[in-house]
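The data blocks that follow each hold one structure.
The following pair of complexes shares a single chain, subunit A, combined with subunit B in the former and subunit C in the latter.
For the complex of A and B:
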């Protein structure tokens, strides 16, 4: 079982993602059973308690103190562990170089008074204070942090509106302002489509599709997922729409969000009435009648939203896109080849997603065609997955939800939780199709495809040992100019036996055809 | 068309202050965008009472 060993350093601060990644490295040490490297926050103390590596000393430290705790065999020396941690931390410091790093926002402003936007990603409990300070200094804000209360969100957004500033977030994962990708974002060509969105991977999928169609974006404004809640009333979406209406580079406006209430939807759409710029709206899975009532265009999928925006920009005919880039003959060939390799009792889908909106879109598209889908974000509460560790029948999981990210980085940064699950799904003889997304760009893991390939090979190999085939279908939310490269990522997945489709919607449709045996 | 402060931002070079995850700072720096990273730590060492006192002083 081992012993609890720990070390505490007072008044030493590191950011949470850095420490979570270092915890994982320490866990790999021989003789170490559990490890936690973190700041002395309540959350980390609770984690340490759950892992059985808590001590009175750790209980008594504060959020500005740093600790290393392990459950390890007798021969493991805590000094060696601390040495390893220090080495990993100094590597991180070396990467940062010798740049001047001021201790506060005010000192940063003194150093560079021309600064105009602040990207904030500190723990939620400190986020409001930093965002308020930035707004009071007339700076635009992108607030990546979550765990900010609705009351605080409202207060910040009201302050921003009063001052005419951007208050993107809380929980805003992506934005592209003046062609600069902020937080999780892809490298997208500069162009004339402006986007305001309340769903991170929804925005990313649309921008990537626009780029693949040869067009680009003027501005991409994230609002945070709760902006269209009744309590917030769409404050930042309305502010973003006003800005895009007045922006000479923006010729077409795209809005994307999970379904808002009718009242808020109406308020948002009404605000687009006094512009001649065409508007395309995707309320993923929401009521489209209200969109059409005000003469805006409905995006029927994230990809379709992008296609319509591009068609409107070029003055081309507007049609719903429900098909494939490949010819129908080619799609039939892929489907019949895959169906031919599956056995009669292989009938289930396992969707393993890192992007919440992409998982939601998958379930929306498959609704009605393959039967009900269990999930941690189900379309109907009846199909909420009770045990998140075990899939049942058709299952689609969003690994970016809170239950998977307590004490560990988002799966776009640390793909290991999804890789482990893929191997597990490959042990279920009734599984026919695995559906996955791969998000490229800045902010995410430097090689999400490479991290997943060993699990893909293992899962396929395990099925093969039982004379079965495992069909793995993926889409890549990325562009050629992303640091990971779209073509190279696609090539490596295909070499590992994955069918790569040009969008999430097309990947989902293909999965649906295979599961319904081509019908 | 009304010009807002946000529209004024669209006409300027983005100059970013990053507070929090260093990875966002490194990404921006690697792309050669102007960015400054704040070596942030909780106000008043995480002491809530002191924090509220200090915020009133500002």
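For the complex of A and C:
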């Protein structure tokens, strides 16, 4: 008939789901006639007796001991059943760990001891301590958190430099290390252009443009927006440049940042002198003379920066790119069609951006053609928007700034605040053109386009009720391999009546042409 | 400088695996006020007793269990609930590790995991008996809904098949149980003792109830054996129904006390504690909500939602508890 075989685990507890799984697996084992899995309570032992699968060992266990008892054919190996049970138990543990997000640095290291880079996103008050702990564990750090003091940032970066580590951030929104996108980042081909940047969406726009041109990136190192401030002295930009100079995969180096002080700019550019790798620099809206003084290439827009890096990589001729991908005839046709639909008093631009650097670039490009623009990040303090809820004349808003993100997620994650504003702008009869960016990739909303389309339709519909046309021009910072898909996103926007341009710079130029002609 | 990231492929998983919330402590959301008072007295400490995905238990120096729950678990007596849904099983928390309670935090020695409770909401484990009573007509309607949901959603690997042995005794059962239910060997083994217990329970034979309860407690696999879950349901429903029916509360507490009087060492520590709490009407928040929506003036949809939440507890535990509540309520409402 068979033999009684058993396994006992003293003071061991399994949850009921696991126990059920074990019972079923044991019971369906070939050659097993009877099986009992459970805790050694008096009643369960009595049941085992009743089922004829008791042994002295089982008789002696207590209610807090786990046991498996089986009546099985001779050829059934108890070891195999025990092994099966153990395998099931460890499978359960592994499964539990598959979506495991360790709550502490120590547990993260235990979970994956070979990791050498840490992404930290905690409330600012705890960020310094966590970053310091990570650096002291010889880990590179990407610090997504903001609200870290300049003093703390400097201390952390000095510690990183001493240890030869990267301290990306605080407030570092994007990086791509060894082809792994971190935080807000796009799926970019692997290639030979290395980037160090203090500007999140600036970096993303450049990497996306590189990808669209058929090339890829080696490493993308974010530094955090304040790295080139005088107080920090560009410590991580310098550290990043050193890393890229020594990286054999990197053939061309790109630096991007908002304008640093002359002193810091010079320090940074000087550090590139001892490499033969070509350098392209875009200090968005900054002084280009100092870049040219040291023989680096100037990127006149984010897109142009990418184009120059790719041209240098391919050994092609270097020219500034200030135009459009489409032929000039096609652009003129779009402009005249749009202008023809606008009424005489529709004359203003409303830029609604989720990317700060993209908003900044828009204002830099348009300043010369349509005049001054009010903003929460104005080019001149005189044009600071006093009431953020109400636009005036030409206005360009960065919804990613602190005043819009207190107590709510960044608009790249939660687009609702921008959607509401779009509908509101569509009620202003003097508005002619809306400019928007759409950031795809990891970390952002899973469907930023879909979230905005109802607002686009509503804003355009409201304008139409007043016999007016609302021109909406957008650019998509994304690639075909991003989770949201570039082509599909573009198609849906175009179906909603949006003019989609291949880059922010081209979208802005088109808006400028429409507004200028409209005048 | 060499930049290395393990398995550097572009996909969400790779990106996710590099993300973690890097704090060395967990914040608590809620704490049982009785436990908090014990902590404030000072010196409370214990060892990890058992660890699961969504909870872990600590056996303190007084041989009482303190449970730590993640945010997915309902609050329960002598527990601390933390504010995120991490898996404790994968945290490195293991049985026997020491845990010490301080005034504002608990510390798991060796792991350097700190669980703070300085800014926490308090939870009272006592039964809530001050609800606005629903009409008897509605309560009976809800009882019928409960029986239907039990059959539609309940798991049959626990106590449920045994309920077929009560046909002819409990009115609603005839409506939904197949009279030809075949009991397996285990169910046949316990059937007579189960029926004896219930006969005594219906007659409220306090003198013999302890003996009959002792004969069935600890039956079933798992940390809280199926029969124990059923008994918890029976006892909790007695406390709430007594209040609803304006019965003598002391008498009913006495009945429950009799059930748990002889359970010592007859079942697991976890189950033993749960039975003792249940005898006082103390139970987890999901079961409490169910009882309040069953007997109080809550809308039917809310009651249904609460029934479904209870059924989801554990593998068969929810079904077993609900079975106890259903049978216990039917008996007290004289639906027998």
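Throughout what follows, the second predicted complex is superposed on the first by the 413 of 519 C-alpha atoms of A that agree within 3 Å, B and C clash if a C-alpha of one lies under 4 Å from a C-alpha of the other, contacts with A are read in each partner's own complex, and residues count from 1 in each chain.
Please note the rule applied: a contact is a pair of C-beta atoms (placed from the backbone, for glycine too) under 8 Å apart; a residue touches a chain by one contact, two chains touch by 3 or more.
Here the structure is a predicted model, which is why all the values come from computation and not from measurement.
Applying the stated contact rule after C-alpha superposition, one finds that A:119 touches each of subunit B and subunit C.
When both complexes are overlaid on chain A, the residue A:50 reaches subunit C alone and has no touch with subunit B. In the superposition on chain A, contact of A:459 is made with neither subunit B nor subunit C.
Shared-chain residue A:166: touches subunit B and subunit C both. In the superposed model, A:473 makes contact with neither subunit B nor subunit C. Applying the stated contact rule after C-alpha superposition, one finds that A:139 touches subunit B and leaves subunit C untouched.
When the two complexes are overlaid on their common chain A, residue A:15 makes contact with subunit B and with subunit C alike. Put simply, subunit A uses residues 11, 13, 15-17, 41, 62-64, 96, 99-105, 107-108, 111-112, 114-122, 126, 130, 133-134, 140, 164-166, 177-178, 180-182, 219, 239, 242-243, 246-247, 442 to touch subunit B in one complex and subunit C in the other.
Subunit A meets subunit B in the complex at residues 11, 13, 15-18, 40-41, 62-64, 92, 95-96, 99-105, 107-109, 111-112, 114-123, 126, 129-130, 133-134, 138-140, 144-145, 163-166, 177-178, 180-183, 218-219, 239-240, 242-243, 245-247, 249, 413, 442-443. Contact residues of subunit A toward subunit C in the complex are 11-17, 19-20, 23, 37-39, 41-44, 47, 50-51, 62-64, 93, 96-97, 99-108, 110-112, 114-122, 126, 130, 133-134, 140, 164-166, 177-182, 185, 187, 219, 239, 242-243, 246-247, 442, 481, 483.
Across the complex, subunit A is touched by residues 1-7, 9-10, 12-29, 31, 33-34, 36-43, 45-47, 51, 55, 58 of subunit B.
Of all residues in subunit C, those touching subunit A in their complex are 1, 3-6, 8-10, 12, 14-26, 49-50, 52-53, 84, 86-87, 89-92, 95, 111-113, 157, 185-186, 189-190, 215-225, 227, 265-270, 314-317.
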